[in-house]
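Across the two complexes that follow, chain A remains constant while its partner is chain B and subsequently chain C.
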Partner chain A sequence: MNTALQQDHFALFGLTATFDLDTGDLYRRYRDLQRTLHPDRFAGASPQERRLSVQMAAQLNEAYSVLSQPLTRARYLLECRNHPPQSNPKDLDIGFLQEQILLREEWEDVRRAGDQTAIAEFQLDLKRRIEAEEAEFSRLASTVGGADADLELARQAFYRMQFYHRQLEDCQAWQPAAN
Partner chain B sequence: MAYSEKVLDHYEHPRNVGSFDKADLNVGTGMVGAPACGDVMRLQIKVNDEGIIEDARFKTYGCGSAIASSSLLTEWVKGKTLEQATEIKNTQIAEELALPPVKIHCSVLAEDAIKAAIADYMGKRSQSEG
Partner chain C sequence: MTLLQISEPGRSPEPHARRRAAGIDLGTTHSLVATVVDGRPETIPDADGRVLLPSVVRYLADGAPAVVGDAARAAQAEDPLNTLASVKRLIGRSIDELPEFANRSHYEFAAGDSIMPKFATVAGPISPVQASAEILRALALRAAGTLGGAPEGVVITVPAYFDDSQRQATIDAARIAGLNVLRLLNEPTAAAVAYGLDRGTEGVHAVYDLGGGTFDISILRFTKGVFEVLSTAGDSALGGDDVDARLAAWIRAQAGLGDNLDHGAHRQLLVLARAIKEGLSDHAEMEITLSRPSGENWLGRITRAQFEELIADLIERTLAPCRQAVKDAGIALDELTEVILVGGSTRIPLVREAVAKFFGREAHVEIDPDRVVALGAAIQADILIGNKPDSDMLLLDVIPLSLGIETMGGLTEKIIPRNTTIPAVRAQDFTTYKDGQTALSLHVLQGERELVRDNRSLARFELRGIPPMVAGAARIRVTFQVDADGLLSVSAREQTQGVESRIEVKPSYGLSDEEVESMLTAAMDHAHEDMDQRRLRELKLEANQTMEALTAALAKDGERLLDAGERTDIAGALARLHGLNQGADETAIRGAIDELDRVSTVFAQRRMDDAIRNALSGHGVAEFSGDQDA
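Right after this comes the complex of A and B.
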């Protein structure tokens, strides 16, 4: 039990660090581990052991929340592999940024027109773009000890994922003004 | 979080929104973004033969602070030489707009955008001369 606090998120669940993972399996492992850390099991334990079990439960929750979502899982993998995402990266692709502006303008048009089918279609397109970037990320960053050039490209795919996610969130948060 | 009055003013009445023809030799275009916030900023300058920035345009998708930072910057660079425009620091923008610490990165984005626009303009010039 003492060693678990130093383990990385994947190792905590007995998994190899990789982008493609079965989230159903991850959930089952999470649930099983959670049971072993239930406070009832530590009723007769020493204060030190109780404190440690609480710390481990917190680490377990953190690890699960990071690994269960593709976006945070990708970020974590990049951090583990020494290519942490930057908040203001200077090397974003100009063409991609131009496309972002076009997509934002398109969304404004679609939203203004108020056609529900077009609104749903636009969001579906964003989800497809996210899936495509996830596939790209997986291809580039799944192997341990990947080449630096691949990790660099994986980081770019991650940035694109982030942009599309933010846009999708904006779309989903938008509510037509009541007349 | 409450925006300062200056941010609100720029957000509600953004200056110089729009675009120039990016193929124009006198135009420099800077495109930057912050993936985590989903902010995208395009800042363009039009430079005359004396090397003075005559006009500027921007288009920003992002929060109020990002829009205000780019709007303010387009006002500031007009009439400046390229050298003077390069010297504008994000801290000056942040101070003018009274940006809180969590929004400082929006002013960094604006500084990156003007630097990228100037670099784009210089690149085009040296290409057309060489």
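Right after this comes the complex of A and C.
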């Protein structure tokens, strides 16, 4: 096995695992690595190096797509730290469940009224909530060796982040039809 | 790491010897070939100075070579059934997918075993892949004149929206034409490369590419030599041909011609419509003269406004993909730096108006929209063949359509979503649904729809030998890998017991290996050579390439990355392959290639790790853990 192929996503970029990532720095590392590993650099190489290059460039793309977005980065960190998010979490806080229902209702009302300012305001609110959860996640799970209790709280923050993201996507998907 | 300089084993390397590379735009209505001369890409004309080669192939009786280009196009009306045009619309497809081919009798189709359609011609049944191979061969021949020999490698462009089957079929056509394909390059990306080199404007660009038979829209970012495709969308059956058909139908109705035109008259009408369409790009009105079957002439006229009304909905159809691509790229329209027009159909004024209105700005047309794709392909070919070792250009493209697998209830589970950067690899776990189930049938699909029957079926294969377990206990990991040409390979593996089954996906509508082989045999250039000879020749070529690449790598990194014992092992395997490659024992040569591959694995990995370290060295805190014991 190739050493680099076995590495986690952060190590591939020469970075330690953390939620607080400078995405500009990550992109520059990605670009320089891709300039080196991309199959276009191996067009004249042996079949073996060509195969290896495809595998590594693919892994690099995957790692970059995961780490460059806070939501997928958070999920990946939880997976690495043995607290993988569940697809149908059973232990959600009742307050959060109520909040989900309220937010969905609020969106329905805003959407029906069709007031562009209110729609924009609603989306801005979701973005603020996402930022707040990202800060919470960072506080709890940014560094290695966090306590289990903290990781569990981080996972709850992830669920909220994920819900706000989906709600925001719904809003954005709906918008073009209004024009 | 820079590109490897390669020389024949035993010959002294000539550092400045240029290798012969060409870029080919294999288009629906016409094709071009280009190459880099003195650092600039140039399209290569034929002896009469014509750059565009009509993508028309006429087959002749009695084994006479097929005629390609202007002469074939001129014979369309006279010999319609043996003169094939717009075959790109059928490459990698079944007839049923294109009503225009199924219902309108442009051609006659031969009955065949494969789902791929074959035209019935005097030279026998001909597939779109074979006809495309004739066009590629004609272009390669043209390039050979300028390059001073046959191209050693080519980049062939394909519509960004081409699916796996269409890409695979294009590769098959190149194989039949005897070409070494360095890369399949997406047409809008090729155009962006040509513009990037020419103008160097950094930012996020939209490339609107309306050709003879396909439409692509790509949104890409260009910064510091990197072309990064953010999203792509399109319609692989929409283009100038549809405009011609609309106009032809209008003329037919106006002239009072019935619906029962013969093949020749129909083709003649299409040729006329095309000329009128082109005229209406420069004139507000055109006169139409049509010679009716009875011999008398029909005279008519059409204004640009009338023409625009006829085709308005076709142009409108390009805007939904534009909207989709902009949305998928996650940008706002005002964040776009430039809009670039590509493809002959963008000469239609209505197209330019629609694009300007949609994007809110005038589009760029500084580079001839017919040539820009071939120019970009030539630049890429020049780099891939190794003529520009210092180039830092990097193309990061995406897959246009999601790839997935059929799950219970006829639903499609996406594994790699559209607009994922390639190369890409992604795995997903599946499980059994019956107790004691020992086999799993996998159906690989491409498309965005939820139901299996609405997506394209790429392949079916089975994973057998799963140990009997209760339903839901097995863990079957299905891995999709897409290479830089956008081609998929799939493997599946039962996790707990490690039973492995692996396939390379071949398109359902493509050709079997046997069919490709028989077409290779039939191909004109190789008529004197039988299949065994050809296989041996290709094997020897592969052996040579492997030895050249490894020799160059050893010269560069051998001392640094290998110990004496490792170097001896590799040198021994190299010498054995070199010796056996002088002979004609296929099995022995294949064995020696595999052996060389095996003993040099560790070297390849160390070189890769070393390259990674170098790439990261300028980035400070490089806590790179990929250490090795060399």
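General observations
To be clear about the criterion, the second predicted complex is superposed on the first by the 169 of 179 C-alpha atoms of A that agree within 3 Å, B and C clash if a C-alpha of one lies under 4 Å from a C-alpha of the other, contacts with A are read in each partner's own complex, and residues count from 1 in each chain.
Methods note: contacts are C-beta pairs under 8 Å (C-beta built on N, C-alpha and C of every residue); 3 or more make two chains touch, one makes a residue touch a chain.
In this text, all values refer to a predicted model and were calculated from it rather than measured experimentally.
By the document's definition of touching, of the two partners only chain C reaches A:Leu15; chain B does not. In the superposed model, A:Asn88 makes contact with chain B only, not with chain C. Judged by the touch definition given at the top, the superposed model places A:Ser46 against chain C, while chain B stays out of reach. Of the two partner chains placed by the overlay, neither chain B nor chain C lies in contact with A:Leu78.
Once chain A of one complex is fitted onto chain A of the other, the partner contacts of A:Leu140 are absent, as it touches neither chain B nor chain C. Put chain B and chain C next to each other and count what each touches on chain A; the higher total goes to C. When the two structures are aligned on the shared chain, A:Ile101 is found in touch with chain B, with no touch to chain C.
Contacts of A:Ser65 after superposition: chain C is touched, whereas chain B is not reached.
Of the two partner chains placed around the shared chain by superposition, chain B is the only one that A:Tyr159 touches, whereas chain C remains out of contact.
Within the complex, the chain A residues that touch chain B are 85, 87-90, 92, 94, 97-98, 100-101, 104, 158-160, 162-163, 165-167, 169-170. For chain C in complex with chain A, the touching residues are 1, 3-4, 6, 153, 182-183, 224, 226, 323, 327, 380, 383-386, 392, 394-396, 420-426, 481-484, 542, 545-546, 549-550, 553, 597, 600-601, 604-605, 607-609, 611-612, 614-616, 618-619, 621-628.
The residues of chain B lying in touch with chain A in their complex are 31-38, 40, 42, 59, 61, 105, 108-109, 112.
Against chain C, in their complex, chain A makes its touches with residues 2-4, 7, 11-16, 25, 28-29, 31-41, 43-49, 52-59, 61-62, 64-65, 176.
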